[in-house]
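Next come the structures, one after another.
One chain, subunit A, links the two complexes that follow: it is found with subunit B in the first and with subunit C in the second.
Moving on to the complex of A and B:
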């Protein structure tokens, strides 16, 4: 029996292990572990706080480290994108894999509010191109 | 992969993080059975929805993962069982965008679409049992 209970789970209360980096004046936030809803909301607050404190070209949320995204988690991230947009920045979600995409299609959540890109380079191209 | 798929795997859902544990466990179990990658994600998302329903509505319950071997068919069965308040109107609960829990109401109908078989039994005041199967 594998140690299933020892999967990589983000600690819900610990914002000190949240890291961001800035490239091409875009704030990149890699999410590296499975999230509970509360952890995702903490991530949301953390990103909004970061975005508010400094000026960026745009924001990239990289979800390549997340294995399972269900309707509630997707909603948190979609809301995060809308919130960041309201603060005046464009947001791109990257790193969704075919399985995650197939699953969220079937759940029938709102996909129109979110811009996605294959990887961070593609996202940077989207964010740094003025439309 | 040392997961023994001949054995069932049971997850207790008491806390919000248990939702993610159950979903991750389901993904590994599906992988061990031999599901392809998109199917693994579909199963784990479905399990995540069911486990989340347990946590949100019933506070605690169990998610049981089984390997099913029927004639000519192999697959994975998930039973989400709780002793919560039950569902008053199951037909409504299976409609998109209907929810009593303040969420989007896509969980149960979404789960139904993600899986091949879907059965829900619920008695008001006694609990809810959702059985889903995906065939290989």
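Moving on to the complex of A and C:
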């Protein structure tokens, strides 16, 4: 469960390097900076590409480095979850801080299609146990 | 020889002096000008050549020359009579008007027959003009002011129409009567009144605002000066009084004064000049700030403000607006003596002069310190209650309990949510038990708030169990058509705790078993 394998390094976006790693057969994608909508769409394409080319237990998008999320950005991530689901994997979003949560609650978006967890450990638990 | 010579010399000198100071002109008995001196020429603007040999009538206008007066005048001269003219209008060169006082002396021969006339002339034009000016001035005063004249014993000599209008009498009704006719009996009999006339009799001038009684008994207020007029021996022989009716102004003033007094009694006032220097303050204002009048007069308005405000651009703006003549109002913090804080609800009113330039600022204020203190206290209490109303307790490892007691509104739900989310993060909680036993009633709004809290909790990766749902509340929620979705609910707190522990693989049990 704690085995950690170095993931690939790719840069679909010039402004940010994207790092992923794989742990317990789950693809973990940490977002470490504020994203523009375009950057988020690049992330989306990148993850889908990754998931499509290999086989995983699930996908974890870690947003603990993000301080601000607006409705557009949230929609991109929610859509990403649905898209990954279509490819046959479950996705968990982790690391939402209280400020981000309060903002998301204020913009009244659909939350039913998204699974969230407090940290990566919890996310791994969800992805590995409830298969 | 000696004495003869002396007399001749002094006569000569005398003539010289006359020649320098008087215009002298002589003509024949026909009126033809023989000669004249420089003074006379200067006076009329002619040169000697221009008038020598001409008839004396060139100095007069035609009306006079053709009149019988002029003929009589020459007749009298021819009879050897000396004629003194008080003043006569002469025409100089280019019709320049000159007023001349003059004496015509016929010069007689041994047979007492006049052979020529010598005229001594004095230019009195300036004097005449001055007189005209005085007359004009008097007419103007007469038209604009009430004038009444008294003898030194106080009896009326005369009065003009304006004065008569003020007091409502006709001239005949007051002429010869004493001045005390216009005074209240109490004043007329007073020592003060005696003093007043004694003062005038000493030749002293008196001015001021006087209350007088008109014919119909009504009060008239006049702004007046009593001017004793002196004879040549410098003794006053009559009193002229100039008066203006200020009754209306007096009434308006009285009204203003009352209004000002009312403001002064009920409100705090502070006067500043346009540089912000304190000019005066009333008792009430001093009480607010705790200074004495001497301590703040001459100081800048700044001493009443806190440093932060004085340095801020708001303060600069404030004075700029005042200087533009704009009125300012609002609630201001005031620093009193020894740093004492006070709050005033104040208006800063620029006061304008007659040219509409602001000349000073009147601050009318009321003390709202007490109100402000209460407001602050209320805000503090409200904050305290808010804090108390969201006690998030750690029930177990990773299990938090948030009991909600009392009414829930949007503001409160915001604090509840903030507190809950922060605590979830701090304690890495897996479960949040939201106990709503203490919520008296649930309507759709409250239900929506609660749903929001549970959703937010879920986004944090924490599961929310709502407990304390009574049968009434469950009925209400269903009847309202509220779908709680996949929110975990339990009827009692105990069930909620068991559920959370079970989910984490823990179990409460008896020690004995």
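By definition in this document, the second predicted complex is superposed on the first by the 115 of 131 C-alpha atoms of A that agree within 3 Å, B and C clash if a C-alpha of one lies under 4 Å from a C-alpha of the other, contacts with A are read in each partner's own complex, and residues count from 1 in each chain.
By our rule, a contact is a pair of C-beta atoms (placed from the backbone, for glycine too) under 8 Å apart; a residue touches a chain by one contact, two chains touch by 3 or more.
Predicted model only: the values in this text are computed from it and were never measured.
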| item | value |
| --- | --- |
| Which superposed partner A:111 touches (first subunit B, second subunit C, both, neither) | second |
| Partner with the higher number of touched subunit A residues, subunit C or subunit B | B |
| Which superposed partner A:35 touches (first subunit B, second subunit C, both, neither) | first |
| Touching partner for A:98 - first (subunit B), second (subunit C), both, neither | both |
| First, second, both or neither for A:68, with subunit B first and subunit C second | first |
| Contacts of A:122 with subunit B and subunit C, given as first, second, both or neither | second |
| Overlapping contact positions on subunit A, where the subunit C interface meets the subunit B interface | 97-98, 102, 104 |
| Subunit B residues touching subunit A - in the complex, by the definition given at the top | 1-4, 7, 9, 16-17, 19-21, 23-25, 27-28, 37-42, 44-46, 48-49, 52, 96, 103-104, 106-107, 109-110, 113-114 |
| Residue ranges of subunit A in contact with subunit B within the complex | 1-2, 4-5, 7, 9, 12, 34-38, 67-73, 75, 97-100, 102-104, 106-109 |
| Complex contacts: residues of subunit C adjacent to subunit A | 417-418, 421-422, 424-425, 428, 430, 452, 455-456, 458-462, 485 |
| Residue ranges of subunit A in contact with subunit C within the complex | 94, 96-98, 101-102, 104-105, 111-112, 114, 116-119, 122-123 |
